[in-house]
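Below is one structure, written out as C-alpha coordinates; comments come after it.
The letters A, B, C and D name the chains in turn, as written, and every chain counts its residues from 1.
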(Lines give C-alpha, C1' and ligand atoms only; values in the text may rest on other atoms or scores of the structure.)
Protein backbone atom coordinates (compact mmCIF):
# COMPACT_ATOMS: atom_id res chain seq x y z
CA UNK A 1 0.00 0.00 0.00
CA UNK A 2 2.31 2.70 -1.29
CA UNK A 3 1.55 6.41 -0.96
CA UNK A 4 -0.38 7.98 -3.81
CA UNK A 5 2.19 9.85 -5.90
CA UNK A 6 2.13 13.61 -5.65
CA UNK A 7 2.15 15.00 -9.19
CA UNK A 8 -1.23 16.49 -8.28
CA UNK A 9 -0.38 20.00 -9.42
CA UNK A 10 0.17 18.96 -13.01
CA UNK A 11 -3.04 17.03 -13.62
CA UNK A 12 -5.85 18.09 -15.93
CA UNK A 13 -8.90 17.46 -13.72
CA UNK A 14 -12.19 16.54 -15.42
CA UNK A 15 -14.50 17.62 -12.58
CA UNK A 16 -14.08 20.16 -9.77
CA UNK A 17 -16.88 20.43 -7.21
CA UNK A 18 -17.34 22.44 -4.00
CA UNK A 19 -18.93 20.64 -1.03
CA UNK A 20 -20.12 22.14 2.26
CA UNK A 21 -18.92 20.52 5.48
CA UNK A 22 -21.79 19.71 7.88
CA UNK A 23 -21.21 20.06 11.64
CA UNK A 24 -22.33 16.44 12.08
CA UNK A 25 -19.56 15.25 9.73
CA UNK A 26 -17.16 15.70 12.66
CA UNK A 27 -16.60 12.74 14.96
CA UNK A 28 -15.70 12.64 18.64
CA UNK A 29 -12.05 13.53 17.90
CA UNK A 30 -13.37 16.95 16.83
CA UNK A 31 -12.58 16.76 13.11
CA UNK A 32 -14.37 15.42 10.03
CA UNK A 33 -14.59 11.62 10.15
CA UNK A 34 -12.30 9.89 7.69
CA UNK A 35 -15.21 8.07 5.99
CA UNK A 36 -16.70 11.43 4.90
CA UNK A 37 -13.71 12.04 2.60
CA UNK A 38 -14.78 8.90 0.69
CA UNK A 39 -18.29 10.37 0.34
CA UNK A 40 -16.83 13.60 -1.09
CA UNK A 41 -14.80 11.61 -3.63
CA UNK A 42 -18.01 9.76 -4.54
CA UNK A 43 -19.86 13.04 -5.11
CA UNK A 44 -17.14 14.14 -7.55
CA UNK A 45 -17.19 10.69 -9.19
CA UNK A 46 -20.98 10.79 -9.71
CA UNK A 47 -20.74 14.26 -11.25
CA UNK A 48 -18.12 12.87 -13.62
CA UNK A 49 -20.27 9.83 -14.45
CA UNK A 50 -23.22 12.12 -15.29
CA UNK A 51 -20.98 14.29 -17.45
CA UNK A 52 -19.63 11.42 -19.58
CA UNK A 53 -22.97 9.67 -20.06
CA UNK A 54 -22.24 6.72 -17.76
CA UNK A 55 -25.66 7.03 -16.15
CA UNK A 56 -27.44 7.04 -19.54
CA UNK A 57 -25.58 3.83 -20.46
CA UNK A 58 -26.72 2.25 -17.19
CA UNK A 59 -30.36 3.15 -17.77
CA UNK A 60 -30.42 1.99 -21.40
CA UNK A 61 -28.38 -1.22 -21.05
CA UNK A 62 -27.89 -2.22 -17.39
CA UNK A 63 -24.15 -1.78 -17.85
CA UNK A 64 -22.53 0.30 -15.12
CA UNK A 65 -19.51 0.73 -12.86
CA UNK A 66 -18.83 -0.90 -9.51
CA UNK A 67 -16.22 0.25 -7.04
CA UNK A 68 -13.56 -2.44 -6.61
CA UNK A 69 -10.99 -0.58 -4.53
CA UNK A 70 -10.47 2.75 -2.76
CA UNK A 71 -7.37 4.34 -1.25
CA UNK A 72 -7.29 7.65 0.61
CA UNK A 73 -4.14 9.37 1.93
CA UNK A 74 -5.03 11.88 4.67
CA UNK A 75 -2.83 15.00 4.73
CA UNK A 76 -4.60 17.33 7.21
CA UNK A 77 -7.74 17.31 9.39
CA UNK A 78 -10.85 19.22 8.26
CA UNK A 79 -13.06 21.11 10.73
CA UNK A 80 -16.52 22.68 10.57
CA UNK A 81 -17.23 25.25 9.22
CA UNK A 82 -15.50 24.76 5.87
CA UNK A 83 -16.13 24.22 2.16
CA UNK A 84 -13.94 21.61 0.52
CA UNK A 85 -13.21 21.27 -3.17
CA UNK A 86 -12.91 17.81 -4.68
CA UNK A 87 -11.39 17.18 -8.11
CA UNK A 88 -11.25 13.95 -10.08
CA UNK A 89 -10.08 12.49 -13.38
CA UNK A 90 -9.65 9.09 -15.03
CA UNK A 91 -5.95 8.20 -14.66
CA UNK A 92 -5.90 4.82 -16.40
CA UNK A 93 -8.24 2.80 -18.65
CA UNK A 94 -7.99 -0.95 -19.09
CA UNK A 95 -10.21 -3.42 -20.94
CA UNK A 96 -13.08 -3.36 -18.43
CA UNK A 97 -11.60 -1.46 -15.49
CA UNK A 98 -10.44 2.11 -14.98
CA UNK A 99 -8.66 4.11 -12.28
CA UNK A 100 -9.68 7.54 -11.00
CA UNK A 101 -7.62 9.98 -8.95
CA UNK A 102 -8.85 12.63 -6.52
CA UNK A 103 -7.56 15.65 -4.66
CA UNK A 104 -9.42 17.47 -1.88
CA UNK A 105 -8.60 21.06 -0.87
CA UNK A 106 -9.92 22.98 2.14
CA UNK A 107 -10.93 26.61 1.54
CA UNK A 108 -10.41 27.35 5.27
CA UNK A 109 -6.84 26.11 5.10
CA UNK A 110 -5.65 28.46 2.34
CA UNK A 111 -6.67 25.82 -0.23
CA UNK A 112 -4.08 23.37 1.08
CA UNK A 113 -4.50 19.73 0.10
CA UNK A 114 -6.23 17.78 2.90
CA UNK A 115 -6.39 14.43 1.10
CA UNK A 116 -5.59 12.60 -2.13
CA UNK A 117 -7.30 9.42 -3.28
CA UNK A 118 -7.56 6.72 -5.89
CA UNK A 119 -10.24 4.23 -6.84
CA UNK A 120 -10.45 1.27 -9.19
CA UNK A 121 -13.82 0.83 -10.93
CA UNK A 122 -14.95 -2.09 -13.08
CA UNK A 123 -17.63 -1.86 -15.74
CA UNK A 124 -20.05 -4.76 -15.30
CA UNK A 125 -23.29 -6.09 -16.69
CA UNK A 126 -25.62 -5.72 -13.69
CA UNK A 127 -27.70 -8.72 -14.88
CA UNK A 128 -24.88 -11.26 -15.18
CA UNK A 129 -22.53 -9.59 -12.69
CA UNK A 130 -19.68 -10.08 -15.19
CA UNK A 131 -17.13 -7.45 -16.35
CA UNK A 132 -17.76 -6.02 -19.82
CA UNK A 133 -15.39 -4.25 -22.19
CA UNK A 134 -15.60 -0.45 -21.96
CA UNK A 135 -17.40 0.77 -25.13
CA UNK A 136 -15.33 3.06 -27.38
CA UNK A 137 -17.68 6.03 -27.03
CA UNK A 138 -17.47 5.83 -23.24
CA UNK A 139 -13.70 5.39 -23.44
CA UNK A 140 -13.43 8.58 -25.50
CA UNK A 141 -15.70 10.47 -23.06
CA UNK A 142 -13.55 9.30 -20.14
CA UNK A 143 -10.46 10.64 -21.85
CA UNK A 144 -12.17 13.96 -22.55
CA UNK A 145 -12.03 13.47 -26.32
CA UNK A 146 -14.65 15.68 -27.95
CA UNK A 147 -16.78 14.06 -30.64
CA UNK B 1 -47.85 15.78 16.99
CA UNK B 2 -49.47 18.61 15.11
CA UNK B 3 -48.06 20.01 11.87
CA UNK B 4 -45.58 22.86 12.18
CA UNK B 5 -47.52 26.00 11.35
CA UNK B 6 -46.78 27.66 8.05
CA UNK B 7 -46.14 31.34 8.70
CA UNK B 8 -42.66 30.66 7.35
CA UNK B 9 -42.70 33.50 4.84
CA UNK B 10 -43.04 36.18 7.51
CA UNK B 11 -40.22 35.13 9.83
CA UNK B 12 -37.02 37.09 10.43
CA UNK B 13 -34.41 34.33 10.17
CA UNK B 14 -31.18 34.72 12.17
CA UNK B 15 -29.05 32.38 10.06
CA UNK B 16 -29.28 31.31 6.40
CA UNK B 17 -26.77 28.75 5.15
CA UNK B 18 -26.28 26.91 1.85
CA UNK B 19 -25.40 23.21 2.02
CA UNK B 20 -24.29 20.93 -0.84
CA UNK B 21 -26.11 17.61 -1.24
CA UNK B 22 -23.72 14.64 -1.46
CA UNK B 23 -24.63 11.71 -3.75
CA UNK B 24 -24.27 9.35 -0.79
CA UNK B 25 -26.96 11.29 1.14
CA UNK B 26 -29.52 9.47 -1.01
CA UNK B 27 -30.88 6.16 0.26
CA UNK B 28 -32.16 3.16 -1.65
CA UNK B 29 -35.47 4.92 -2.41
CA UNK B 30 -33.41 7.27 -4.63
CA UNK B 31 -33.83 10.48 -2.64
CA UNK B 32 -32.01 12.11 0.28
CA UNK B 33 -32.51 10.08 3.47
CA UNK B 34 -34.83 11.75 5.98
CA UNK B 35 -32.14 11.78 8.69
CA UNK B 36 -29.94 14.06 6.57
CA UNK B 37 -32.50 16.88 6.91
CA UNK B 38 -31.84 16.76 10.68
CA UNK B 39 -28.10 17.13 9.99
CA UNK B 40 -28.75 20.19 7.82
CA UNK B 41 -30.83 21.76 10.60
CA UNK B 42 -27.96 21.02 13.00
CA UNK B 43 -25.48 22.76 10.69
CA UNK B 44 -27.66 25.90 10.71
CA UNK B 45 -28.07 25.60 14.50
CA UNK B 46 -24.32 25.36 15.09
CA UNK B 47 -23.72 28.41 12.89
CA UNK B 48 -26.29 30.24 15.02
CA UNK B 49 -24.67 29.06 18.26
CA UNK B 50 -21.27 30.33 17.07
CA UNK B 51 -22.80 33.65 16.08
CA UNK B 52 -24.42 34.32 19.48
CA UNK B 53 -21.44 33.22 21.57
CA UNK B 54 -22.97 29.95 22.81
CA UNK B 55 -19.76 28.07 22.08
CA UNK B 56 -17.65 30.62 24.01
CA UNK B 57 -19.96 30.18 27.01
CA UNK B 58 -19.51 26.41 26.79
CA UNK B 59 -15.72 26.65 26.72
CA UNK B 60 -15.49 29.14 29.58
CA UNK B 61 -18.12 27.67 31.90
CA UNK B 62 -19.18 24.17 30.80
CA UNK B 63 -22.70 25.49 30.28
CA UNK B 64 -24.18 24.51 26.94
CA UNK B 65 -27.29 23.38 25.08
CA UNK B 66 -28.64 19.86 24.69
CA UNK B 67 -31.23 18.81 22.15
CA UNK B 68 -34.38 17.62 23.92
CA UNK B 69 -36.74 17.25 20.98
CA UNK B 70 -36.83 17.49 17.21
CA UNK B 71 -39.71 17.56 14.73
CA UNK B 72 -39.37 17.63 10.96
CA UNK B 73 -42.25 17.94 8.48
CA UNK B 74 -41.22 16.69 5.04
CA UNK B 75 -42.76 18.58 2.11
CA UNK B 76 -40.88 17.28 -0.95
CA UNK B 77 -38.06 14.83 -1.71
CA UNK B 78 -34.53 16.14 -2.41
CA UNK B 79 -32.29 14.55 -5.05
CA UNK B 80 -28.60 14.80 -5.95
CA UNK B 81 -27.28 17.07 -7.35
CA UNK B 82 -28.70 20.01 -5.39
CA UNK B 83 -27.79 22.78 -2.97
CA UNK B 84 -30.25 23.31 -0.13
CA UNK B 85 -30.62 26.41 1.97
CA UNK B 86 -31.42 26.05 5.66
CA UNK B 87 -32.65 28.96 7.79
CA UNK B 88 -33.18 29.07 11.54
CA UNK B 89 -34.25 31.39 14.37
CA UNK B 90 -35.13 31.19 18.05
CA UNK B 91 -38.92 31.13 18.21
CA UNK B 92 -39.43 30.96 21.99
CA UNK B 93 -37.27 31.45 25.10
CA UNK B 94 -38.19 30.04 28.51
CA UNK B 95 -36.27 30.00 31.79
CA UNK B 96 -33.73 27.33 30.75
CA UNK B 97 -35.14 26.04 27.46
CA UNK B 98 -35.66 27.58 24.03
CA UNK B 99 -37.32 26.59 20.75
CA UNK B 100 -35.81 26.99 17.29
CA UNK B 101 -37.58 26.84 13.94
CA UNK B 102 -36.14 25.83 10.57
CA UNK B 103 -37.03 25.98 6.92
CA UNK B 104 -35.18 24.18 4.13
CA UNK B 105 -35.40 25.21 0.47
CA UNK B 106 -34.08 23.36 -2.57
CA UNK B 107 -32.36 25.45 -5.23
CA UNK B 108 -33.11 22.75 -7.83
CA UNK B 109 -36.80 22.96 -7.08
CA UNK B 110 -37.22 26.69 -7.79
CA UNK B 111 -36.45 27.39 -4.12
CA UNK B 112 -39.57 25.55 -2.99
CA UNK B 113 -39.77 24.51 0.65
CA UNK B 114 -38.74 20.85 1.06
CA UNK B 115 -39.02 20.70 4.87
CA UNK B 116 -39.81 22.71 7.98
CA UNK B 117 -38.61 21.80 11.46
CA UNK B 118 -38.60 22.65 15.14
CA UNK B 119 -36.33 21.73 18.02
CA UNK B 120 -36.43 22.22 21.77
CA UNK B 121 -33.04 22.87 23.39
CA UNK B 122 -32.26 23.04 27.11
CA UNK B 123 -29.29 24.91 28.57
CA UNK B 124 -27.53 22.66 31.07
CA UNK B 125 -24.46 22.55 33.26
CA UNK B 126 -22.47 19.73 31.65
CA UNK B 127 -20.87 18.86 35.02
CA UNK B 128 -24.07 18.43 37.05
CA UNK B 129 -26.32 17.59 34.08
CA UNK B 130 -28.92 20.03 35.49
CA UNK B 131 -30.77 22.79 33.58
CA UNK B 132 -29.51 26.32 34.21
CA UNK B 133 -31.21 29.66 33.69
CA UNK B 134 -30.34 31.28 30.35
CA UNK B 135 -27.99 34.24 31.12
CA UNK B 136 -29.34 37.67 30.12
CA UNK B 137 -26.54 38.39 27.64
CA UNK B 138 -27.19 35.11 25.85
CA UNK B 139 -30.94 35.78 25.94
CA UNK B 140 -30.39 39.13 24.24
CA UNK B 141 -28.09 37.56 21.64
CA UNK B 142 -30.70 34.90 20.90
CA UNK B 143 -33.29 37.60 20.30
CA UNK B 144 -30.92 39.50 18.02
CA UNK B 145 -30.74 42.49 20.37
CA UNK B 146 -27.60 44.46 19.58
CA UNK B 147 -25.51 45.51 22.56
CA UNK C 1 -44.86 20.25 19.63
CA UNK C 2 -45.96 18.47 22.77
CA UNK C 3 -43.91 15.71 24.39
CA UNK C 4 -44.63 12.17 23.24
CA UNK C 5 -46.78 10.62 25.96
CA UNK C 6 -45.10 8.05 28.14
CA UNK C 7 -47.36 5.00 28.29
CA UNK C 8 -44.46 3.17 26.65
CA UNK C 9 -44.38 0.32 29.17
CA UNK C 10 -47.89 -0.83 28.28
CA UNK C 11 -47.58 -1.04 24.52
CA UNK C 12 -47.66 -4.23 22.46
CA UNK C 13 -44.70 -3.65 20.12
CA UNK C 14 -44.80 -5.26 16.66
CA UNK C 15 -41.04 -5.25 16.03
CA UNK C 16 -38.06 -5.27 18.39
CA UNK C 17 -34.59 -5.05 16.85
CA UNK C 18 -31.07 -4.80 18.29
CA UNK C 19 -28.66 -2.40 16.59
CA UNK C 20 -24.90 -2.03 17.16
CA UNK C 21 -23.57 1.47 17.80
CA UNK C 22 -20.61 2.35 15.55
CA UNK C 23 -17.79 4.52 16.94
CA UNK C 24 -18.29 6.95 14.05
CA UNK C 25 -21.94 7.49 15.08
CA UNK C 26 -20.60 9.80 17.79
CA UNK C 27 -20.19 13.49 16.97
CA UNK C 28 -17.76 16.04 18.36
CA UNK C 29 -19.75 16.36 21.59
CA UNK C 30 -18.66 12.77 22.32
CA UNK C 31 -22.06 11.05 22.11
CA UNK C 32 -24.14 9.53 19.32
CA UNK C 33 -25.37 12.25 16.94
CA UNK C 34 -29.10 12.94 17.25
CA UNK C 35 -29.73 12.13 13.58
CA UNK C 36 -28.59 8.52 14.14
CA UNK C 37 -31.61 7.90 16.39
CA UNK C 38 -33.80 8.61 13.34
CA UNK C 39 -31.82 6.00 11.36
CA UNK C 40 -32.40 3.42 14.12
CA UNK C 41 -36.16 4.14 14.03
CA UNK C 42 -36.04 3.70 10.25
CA UNK C 43 -34.32 0.31 10.61
CA UNK C 44 -37.14 -0.86 12.91
CA UNK C 45 -39.73 0.63 10.53
CA UNK C 46 -38.27 -1.18 7.50
CA UNK C 47 -38.26 -4.47 9.42
CA UNK C 48 -41.95 -3.85 10.20
CA UNK C 49 -42.71 -2.98 6.56
CA UNK C 50 -41.07 -6.23 5.40
CA UNK C 51 -43.01 -8.20 8.00
CA UNK C 52 -46.44 -6.88 6.96
CA UNK C 53 -45.85 -7.18 3.20
CA UNK C 54 -45.54 -3.43 2.53
CA UNK C 55 -42.50 -4.00 0.34
CA UNK C 56 -44.30 -6.68 -1.73
CA UNK C 57 -47.15 -4.23 -2.31
CA UNK C 58 -44.63 -1.61 -3.47
CA UNK C 59 -42.97 -3.98 -5.93
CA UNK C 60 -46.24 -5.29 -7.38
CA UNK C 61 -48.19 -2.02 -7.57
CA UNK C 62 -45.93 1.02 -7.05
CA UNK C 63 -47.95 1.87 -3.95
CA UNK C 64 -45.80 2.59 -0.92
CA UNK C 65 -45.32 4.75 2.17
CA UNK C 66 -43.65 8.14 2.40
CA UNK C 67 -42.51 9.75 5.64
CA UNK C 68 -44.46 12.94 6.24
CA UNK C 69 -43.35 13.81 9.77
CA UNK C 70 -40.94 12.66 12.46
CA UNK C 71 -40.63 13.58 16.13
CA UNK C 72 -37.94 12.34 18.50
CA UNK C 73 -37.75 13.08 22.24
CA UNK C 74 -34.21 12.53 23.54
CA UNK C 75 -34.02 11.17 27.11
CA UNK C 76 -30.32 10.28 27.57
CA UNK C 77 -27.11 10.35 25.52
CA UNK C 78 -25.77 7.12 23.95
CA UNK C 79 -22.04 6.36 23.80
CA UNK C 80 -19.89 3.82 21.95
CA UNK C 81 -19.64 0.92 22.63
CA UNK C 82 -23.29 0.00 23.05
CA UNK C 83 -26.12 -2.03 21.51
CA UNK C 84 -29.46 -0.27 21.38
CA UNK C 85 -32.85 -1.89 21.03
CA UNK C 86 -35.51 -0.17 18.94
CA UNK C 87 -39.19 -1.15 19.11
CA UNK C 88 -42.05 0.07 16.93
CA UNK C 89 -45.78 -0.36 16.36
CA UNK C 90 -48.57 1.29 14.38
CA UNK C 91 -50.40 3.55 16.84
CA UNK C 92 -53.10 4.99 14.57
CA UNK C 93 -54.50 4.22 11.11
CA UNK C 94 -56.43 6.74 9.03
CA UNK C 95 -57.75 6.56 5.47
CA UNK C 96 -54.37 6.89 3.74
CA UNK C 97 -52.04 7.82 6.60
CA UNK C 98 -50.83 6.00 9.71
CA UNK C 99 -48.79 6.84 12.80
CA UNK C 100 -45.97 4.73 14.25
CA UNK C 101 -44.41 4.98 17.70
CA UNK C 102 -40.88 4.03 18.75
CA UNK C 103 -38.91 3.43 21.89
CA UNK C 104 -35.12 3.03 22.06
CA UNK C 105 -33.34 1.36 24.99
CA UNK C 106 -29.59 1.23 25.67
CA UNK C 107 -28.19 -2.09 26.87
CA UNK C 108 -25.22 -0.26 28.45
CA UNK C 109 -27.55 1.90 30.49
CA UNK C 110 -29.38 -0.94 32.26
CA UNK C 111 -31.92 -0.93 29.42
CA UNK C 112 -33.08 2.58 30.28
CA UNK C 113 -35.04 4.46 27.64
CA UNK C 114 -32.75 6.81 25.69
CA UNK C 115 -35.39 8.12 23.26
CA UNK C 116 -39.02 7.85 22.17
CA UNK C 117 -40.32 8.79 18.75
CA UNK C 118 -43.29 9.12 16.45
CA UNK C 119 -43.70 9.31 12.70
CA UNK C 120 -46.58 9.99 10.33
CA UNK C 121 -46.51 7.98 7.09
CA UNK C 122 -48.77 8.39 4.07
CA UNK C 123 -49.48 5.64 1.56
CA UNK C 124 -49.08 7.05 -1.95
CA UNK C 125 -49.12 5.95 -5.55
CA UNK C 126 -45.50 6.58 -6.57
CA UNK C 127 -46.57 7.22 -10.19
CA UNK C 128 -49.16 9.92 -9.50
CA UNK C 129 -47.70 11.09 -6.18
CA UNK C 130 -51.23 11.06 -4.74
CA UNK C 131 -52.36 9.49 -1.43
CA UNK C 132 -54.23 6.19 -1.78
CA UNK C 133 -56.56 4.43 0.65
CA UNK C 134 -54.82 1.78 2.75
CA UNK C 135 -55.96 -1.66 1.42
CA UNK C 136 -57.85 -3.82 3.94
CA UNK C 137 -55.30 -6.65 3.91
CA UNK C 138 -52.49 -4.19 4.69
CA UNK C 139 -54.65 -2.56 7.37
CA UNK C 140 -55.17 -5.94 9.05
CA UNK C 141 -51.44 -6.73 8.84
CA UNK C 142 -50.62 -3.36 10.42
CA UNK C 143 -52.93 -4.14 13.30
CA UNK C 144 -51.39 -7.58 13.76
CA UNK C 145 -54.60 -9.38 12.84
CA UNK C 146 -53.75 -12.92 11.75
CA UNK C 147 -55.40 -14.12 8.55
CA UNK D 1 -2.39 0.53 -5.43
CA UNK D 2 -1.98 -3.24 -5.48
CA UNK D 3 -4.69 -5.60 -4.21
CA UNK D 4 -4.53 -6.50 -0.53
CA UNK D 5 -3.00 -9.98 -0.36
CA UNK D 6 -5.32 -12.79 0.52
CA UNK D 7 -3.71 -14.83 3.30
CA UNK D 8 -6.74 -13.80 5.36
CA UNK D 9 -7.61 -17.32 6.49
CA UNK D 10 -4.31 -17.78 8.30
CA UNK D 11 -4.25 -14.61 10.38
CA UNK D 12 -4.57 -14.44 14.16
CA UNK D 13 -7.10 -11.61 14.55
CA UNK D 14 -6.92 -9.48 17.71
CA UNK D 15 -10.53 -8.23 17.62
CA UNK D 16 -13.70 -9.67 16.11
CA UNK D 17 -16.88 -7.60 16.34
CA UNK D 18 -20.43 -8.03 15.00
CA UNK D 19 -22.14 -4.94 13.58
CA UNK D 20 -25.79 -4.53 12.56
CA UNK D 21 -26.51 -3.09 9.11
CA UNK D 22 -28.98 -0.19 9.20
CA UNK D 23 -31.47 0.22 6.34
CA UNK D 24 -30.21 3.78 5.85
CA UNK D 25 -26.65 2.48 5.24
CA UNK D 26 -27.82 1.55 1.74
CA UNK D 27 -27.43 4.15 -1.02
CA UNK D 28 -29.46 4.68 -4.16
CA UNK D 29 -27.81 1.71 -5.91
CA UNK D 30 -29.64 -0.47 -3.36
CA UNK D 31 -26.64 -1.77 -1.42
CA UNK D 32 -24.60 -0.54 1.54
CA UNK D 33 -22.60 2.57 0.60
CA UNK D 34 -18.87 1.95 0.26
CA UNK D 35 -18.02 4.55 2.92
CA UNK D 36 -19.88 2.51 5.57
CA UNK D 37 -17.30 -0.29 5.26
CA UNK D 38 -14.69 2.26 6.46
CA UNK D 39 -16.90 3.02 9.49
CA UNK D 40 -17.11 -0.70 10.32
CA UNK D 41 -13.32 -0.98 10.15
CA UNK D 42 -13.11 2.04 12.45
CA UNK D 43 -15.44 0.40 14.97
CA UNK D 44 -13.16 -2.67 15.08
CA UNK D 45 -10.09 -0.41 15.32
CA UNK D 46 -11.53 1.54 18.28
CA UNK D 47 -12.37 -1.71 20.08
CA UNK D 48 -8.75 -2.76 19.54
CA UNK D 49 -7.42 0.61 20.77
CA UNK D 50 -9.51 0.29 23.96
CA UNK D 51 -8.27 -3.25 24.49
CA UNK D 52 -4.56 -2.36 24.25
CA UNK D 53 -4.75 0.78 26.40
CA UNK D 54 -4.28 3.26 23.53
CA UNK D 55 -7.13 5.41 24.84
CA UNK D 56 -5.64 5.52 28.37
CA UNK D 57 -2.34 6.70 26.87
CA UNK D 58 -4.16 9.45 24.99
CA UNK D 59 -5.96 10.68 28.11
CA UNK D 60 -2.84 10.64 30.31
CA UNK D 61 -0.32 12.05 27.83
CA UNK D 62 -2.01 13.52 24.73
CA UNK D 63 -0.24 10.92 22.62
CA UNK D 64 -2.54 9.11 20.22
CA UNK D 65 -2.95 7.66 16.74
CA UNK D 66 -3.98 9.44 13.56
CA UNK D 67 -5.14 7.71 10.40
CA UNK D 68 -2.69 8.39 7.56
CA UNK D 69 -3.99 6.03 4.90
CA UNK D 70 -6.85 3.62 4.23
CA UNK D 71 -7.38 1.03 1.51
CA UNK D 72 -10.51 -1.08 1.07
CA UNK D 73 -10.94 -3.86 -1.50
CA UNK D 74 -14.64 -4.58 -2.10
CA UNK D 75 -15.48 -8.23 -2.79
CA UNK D 76 -19.29 -8.37 -2.68
CA UNK D 77 -22.20 -5.96 -2.03
CA UNK D 78 -23.96 -5.97 1.37
CA UNK D 79 -27.72 -5.51 1.69
CA UNK D 80 -30.11 -4.78 4.57
CA UNK D 81 -30.97 -6.72 6.67
CA UNK D 82 -27.62 -8.22 7.64
CA UNK D 83 -25.09 -8.45 10.45
CA UNK D 84 -21.47 -8.12 9.38
CA UNK D 85 -18.43 -9.27 11.32
CA UNK D 86 -15.28 -7.16 11.21
CA UNK D 87 -11.90 -8.47 12.35
CA UNK D 88 -8.63 -6.57 12.73
CA UNK D 89 -5.01 -6.99 13.79
CA UNK D 90 -1.76 -5.04 13.71
CA UNK D 91 0.18 -6.37 10.72
CA UNK D 92 3.34 -4.25 10.96
CA UNK D 93 4.94 -1.95 13.54
CA UNK D 94 7.53 0.68 12.68
CA UNK D 95 9.18 3.37 14.80
CA UNK D 96 6.14 5.63 15.06
CA UNK D 97 3.72 4.11 12.55
CA UNK D 98 1.84 0.82 12.37
CA UNK D 99 -0.32 -1.02 9.83
CA UNK D 100 -3.63 -2.74 10.58
CA UNK D 101 -5.47 -5.26 8.43
CA UNK D 102 -9.21 -5.96 8.32
CA UNK D 103 -11.61 -8.53 6.99
CA UNK D 104 -15.40 -8.15 6.84
CA UNK D 105 -17.76 -11.13 6.56
CA UNK D 106 -21.53 -11.05 5.92
CA UNK D 107 -23.64 -13.44 7.97
CA UNK D 108 -26.37 -13.31 5.29
CA UNK D 109 -23.91 -14.45 2.63
CA UNK D 110 -22.85 -17.69 4.32
CA UNK D 111 -20.05 -15.76 6.07
CA UNK D 112 -18.35 -14.99 2.76
CA UNK D 113 -15.80 -12.18 2.74
CA UNK D 114 -17.37 -8.93 1.49
CA UNK D 115 -14.30 -6.71 1.93
CA UNK D 116 -10.70 -6.63 3.10
CA UNK D 117 -8.88 -3.50 4.21
CA UNK D 118 -5.66 -1.96 5.44
CA UNK D 119 -4.81 1.26 7.25
CA UNK D 120 -1.62 3.05 8.20
CA UNK D 121 -1.73 4.83 11.57
CA UNK D 122 0.90 7.17 13.01
CA UNK D 123 1.35 7.81 16.73
CA UNK D 124 1.61 11.56 17.29
CA UNK D 125 1.84 14.09 20.10
CA UNK D 126 -1.47 15.93 19.72
CA UNK D 127 0.11 19.12 21.15
CA UNK D 128 3.05 19.39 18.77
CA UNK D 129 1.48 17.42 15.92
CA UNK D 130 4.76 15.51 15.56
CA UNK D 131 5.21 11.70 15.31
CA UNK D 132 6.46 10.01 18.49
CA UNK D 133 8.14 6.65 18.97
CA UNK D 134 5.71 3.89 19.96
CA UNK D 135 6.35 3.11 23.67
CA UNK D 136 7.53 -0.45 24.41
CA UNK D 137 4.50 -1.32 26.57
CA UNK D 138 2.13 -0.26 23.77
CA UNK D 139 4.26 -2.12 21.24
CA UNK D 140 3.95 -5.31 23.30
CA UNK D 141 0.17 -4.81 23.68
CA UNK D 142 -0.17 -4.34 19.91
CA UNK D 143 1.65 -7.60 19.32
CA UNK D 144 -0.54 -9.39 21.86
CA UNK D 145 2.37 -10.10 24.17
CA UNK D 146 1.02 -10.80 27.67
CA UNK D 147 2.82 -9.03 30.51
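Rule of thumb we're sticking to: a residue touches a chain if its C-beta (ideal position, glycine included) is under 8 Å from a C-beta of that chain, and two chains touch if they have at least 3 such contacts.
In this text, all values refer to a predicted model and were calculated from it rather than measured experimentally.
Visitor: For chain B, which other chain has the most distant CA centre?
Guide: Most remote chain from chain B, centroid-wise, comes out as D.
Visitor: A-D versus A-C: which has more C-beta pairs touching?
Guide: A-D
Visitor: Examine where the copies chain A and chain B touch and state whether the two sides share over half of their residue numbers (same) or under half (different).
Guide: At the contact between chain A and chain B, which are copies of one sequence, the residues are largely the same (over half shared).
Visitor: If you average the Cα atoms of chain A and of chain D to get two centres, how far apart are those centres in Å?
Guide: 23
Visitor: How far is the middle of chain A from the middle of chain B, if each middle is the mean of its Cα atoms, in Å?
Guide: Chain centres of chain A and chain B, defined by C-alpha means, are spaced 31 Å apart.
Visitor: Indicate the whole-number Å distance between the mean C-alpha point of chain A and the mean C-alpha point of chain C.
Guide: Chain centres of chain A and chain C, defined by C-alpha means, are spaced 34 Å apart.
Visitor: For chain C, write out the residues touching at least two other chains, lowest number first.
Guide: 23-24, 33, 35, 39, 42
Visitor: In their shared complex, at which residues does chain B touch chain D?
Guide: Touch list, chain B to chain D: 23-24, 26-31, 33, 35.
Visitor: Would you tell me which residues of chain A are touching chain B in their complex?
Guide: Residues of chain A touching chain B: 17-20, 22-24, 39-40, 42-43, 45-47, 50, 80-81.
Visitor: Under the touch definition given earlier, write down the residues of chain A that touch chain D in their complex.
Guide: 1-4, 33-36, 38-39, 42, 66-74, 99, 118, 120
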